[in-house]
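Written below as structure tokens is the structure these notes are about.
Order of writing sets the chain letters: A, B and C. Residues in each chain are counted from 1.
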């Protein structure tokens, strides 16, 4: 019986793999393929029972959002590089061609493999010189969401965008099955406003924050059908933890770059804090329709091209002429407005530089940028194409109150709180 | 039977709610009310079975500690805003009046609700313009410690102090019950020394760190009776994780902004790292008396108004005249002393600026500031008013040793260690 | 029976302790002693059934790596201070002599003890003035990996290196037993290039990152025998979380400074994020031979003496004469190379300053610094001395591919991905 199942599996897997290599529709694979929004999955070919992949390290031009192109480094024409997807038990052979102006190597982050395949140049293998092609080969002994990135001049190469996901599906599919699985690589960049090349020397004061090397509103929406079981995996090879917050849902952390988290250890969260050098996979059942914000909760990380040295003008009256004079000296200067920044979204700025906050929604400006996207949950859809904005059922949207509804205390400071700082029962129980 | 229990619960809850709306003592509520040190709880009124709350977004003057007032933004006269407290199953209606100079909105962080009530202006609702009052209404389907904050020009509005807690008690009270539950919002600010308005452009180099928008020694002590089961919930809407450390105890992480953590997944900690965009609830039984420090463990976060660019004088001999001369050029200049900083606590400084380290304890200066408070555990107290400093039982305080007690090696470097860096057994087992 | 076991344990423990105080080989202790790489363990003496330790707070010269000596503060001649090691149930008496130029105190981080022994100067005890010796005494009621550090001018004293581990072994040894247990204190420093004294005013822009106050390649390798059960404990009293990544393995988080993590709550990871003010203990079985990189995954933290303000030259052609001219003005200037930084490792630099990236491996330069070490797993070793570089079995090292092996698409961008950003099944199931 076990032999029979193994045979069926073997046939299925082999057959499925052949289909995949021929770009067949995903539902004929023995797994539900992952989705890399604004990215792609690396094709493979089967050769004598081994899945062969080919990564090409090279400079790439990446459009972060319409109006801004960055001189990045990546793989196969994009940053992040294409997602590698395989099955536990597969033998994989990965060719890496170096078309960069300097040497490189690839580390398979989180993957159990022979020491000589681990990719730390100098320690585990020679550096891959420009125009060389190296070959890595190993058998996948685990499942989970892992990553690949250089381990040669790695600070520079990662700061310029060289990284990608490596997904290993379990040999025995999970029950209940996952219907949708999105992969999002978190990125931090410093690109001097008006220029296009990231500065890898910057350690803390970044000014662009990306989901798969795109900034809102350049990020594709994440579309799911109501009722689907959905996973999101976040990878982080930047310099800071990124707390990724979902609106309207809570999720469980079901995986790390060490593999699946046992059920007993899973915790509910509405924000998953993704540490550097890690992946985090969260899961939810999409049972409430709507357009749900999904973003890094560090507020500066949902802004674009912020210059953190601008003077503070909150509460300072600025005659219109003043700001213009400042801008004559400092091109691209955007003063913090006297009443906040919401009115500063689209001010004049250097070329190849995005507005700080932007994105138009169904109810007006969303005033975001950077690490922000929208989870769109819809009943009855027949395609994952962008369904447009959510149509709220009547009476379910926050709205202006009628004067007669507003409580009497609206005029003053109203409810100043019924308890002081040490409130609660005045006396502890005896 | 179940119906009877439900009826009793219904009566209790309704009755309790009516009492609460009349500001009755907390012990007649169907739950133990939370405590927001240096803050307050928002009162509500019952209207046709709905709990009505009223938040007023407005500029506020906040005293961080005696001697320093900050021009912040908050709700109902304070930052953080008053805590909203309700019960799982309640229907709530929340009016939000905008008395700010710019538009705003409110997002109910972590709460499961209809998409149109989620509060992302532009995406889920229109912005609330100045002088408008909006109304949000939804039914609470979960329990835990959540937050509210703007989602309109949110970087600026949160940097200025707009945030608060939203606590939902479970419908069926927990066993064993929690006797005390403190809520503490963590804050980071940059206020240029000598000024009073926070600069929201700052992303990393903050200079004031607060518990409920207060700095030590302006933070109220957290007073509990010996033996009580105590919870602490920390909320973080700043730009950095804050690792909050308790002295003399360990606690379990029992909740997040996703809800209660299952028993099997709880971990013991003496420091709870609170990520941005999250709440963390920890629990301990206060079984050891004393005055226990409770603070952020990032050492700069227990300092006030630090200027991180001052030159380094450790080990440099400074004639007294030198520093005075520097201060003539740089008002407020505080040199790092040649022997450390402990002697620099109360030096001259600009107006509306706190000393860097301060706070007088029973044994001398505590030399702290910022995110620091004291958990005071006392047997036999009949009030939660500050009981003063702990009186240690004789013989239980660290003290100077008699010369005769000190080991012989005290004169030199003494114990240089019995093992070298690769110590342990000289040989591994065969 | 239980009494008999207790008696045997008592005899063993007492006997073991006596041996330890006489510096007997570790395997005769009732526990496997921990290893502090590049550090030491503090000896003790038994006095009337109490384990007496003696810490001496004092300035120390610490060699971070050959070529760089730092004027630090520490204990007993080193930073971190020597590791204190004891057994649950022990009564300990710790003398602390202050040989610093300013007052100090010691806090026993994570340890359950009487309030007067907790070490917060001003709050729990007087400050220890220079040349005073204080005595702390308490009974150990728990087990785990804890820390000690000052709580008097603590920002300065910790920034200068004052910290150490405090390990409490369980009274009943764990099954299966741990064969090797390494302790690594994580450190961040700012030492202006060309100088030797850390600047404690720096809050975010550090330039040296250490394992036990050493930088790669000054860090000892962590040597284990194949098949051993190994623990690594990381302590963090710096200003940032450090995500410590192991190559080729995954581990479980088995302990914090709150004590052991229950089995049900353990999660697999390949990177353990160590928050500030915490310890994290991870465990793996070393079943795969090799030289495995083990490092902080924040890429700037595996660099030395980085000046984060240098201009960005990636993609900019620099005639050789230009850089020399810049260096004439800015001694120690290291331009970012036009093709990355790998070729900049050993450029001219100020005295007492380490190269940014260095370390020679068996396959060429490893190009690392800072928080980096190598886990060396070997079968059949009879000593934990450095076994040299791993000899990979033939055919297990990534290597240049033969031209005939390389897939046809190597010439161009090749596999641009079989799926677009919203790939997967074209239609959701009905």
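Following the convention adopted for this analysis, a contact is a pair of C-beta atoms (placed from the backbone, for glycine too) under 8 Å apart; a residue touches a chain by one contact, two chains touch by 3 or more.
Everything numeric in this text was worked out from a predicted model, so none of it was measured.
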Co-neighbours of chain B and chain A - touch as defined: C
Turning angle required so that chain A lies on chain C, C-alpha fit (0 to 180°, nearest 5): 120
Shared interface numbering between chain C and chain B [over half = same, under half = different]: different
Distance between chain centroids, defined by C-alpha means - chain B, chain C (Å): 30
In chain A, residues with contacts to at least two other chains: 204, 241, 264-265
Chain A residues within the chain B interface of the complex: 204-205, 241, 243, 245, 247-252, 264-271, 273, 288-293, 296-300, 302-303, 306-310, 312, 314-315, 336-343, 357, 359-367, 374, 390, 392-393, 396-401, 405-407, 409-410, 413-430
Parts of chain B lying in touch with chain A, wherever the complex brings them together: 20, 23, 25-27, 32-43, 45, 52-54, 56, 58, 71, 76-78, 82, 95, 97, 100-103, 105, 107, 109-110, 112-128, 132-136, 142, 151-160, 179-180, 192, 197-204, 212, 220, 223-225, 228, 237, 239, 241, 256-262, 264-265, 275-278, 381-385
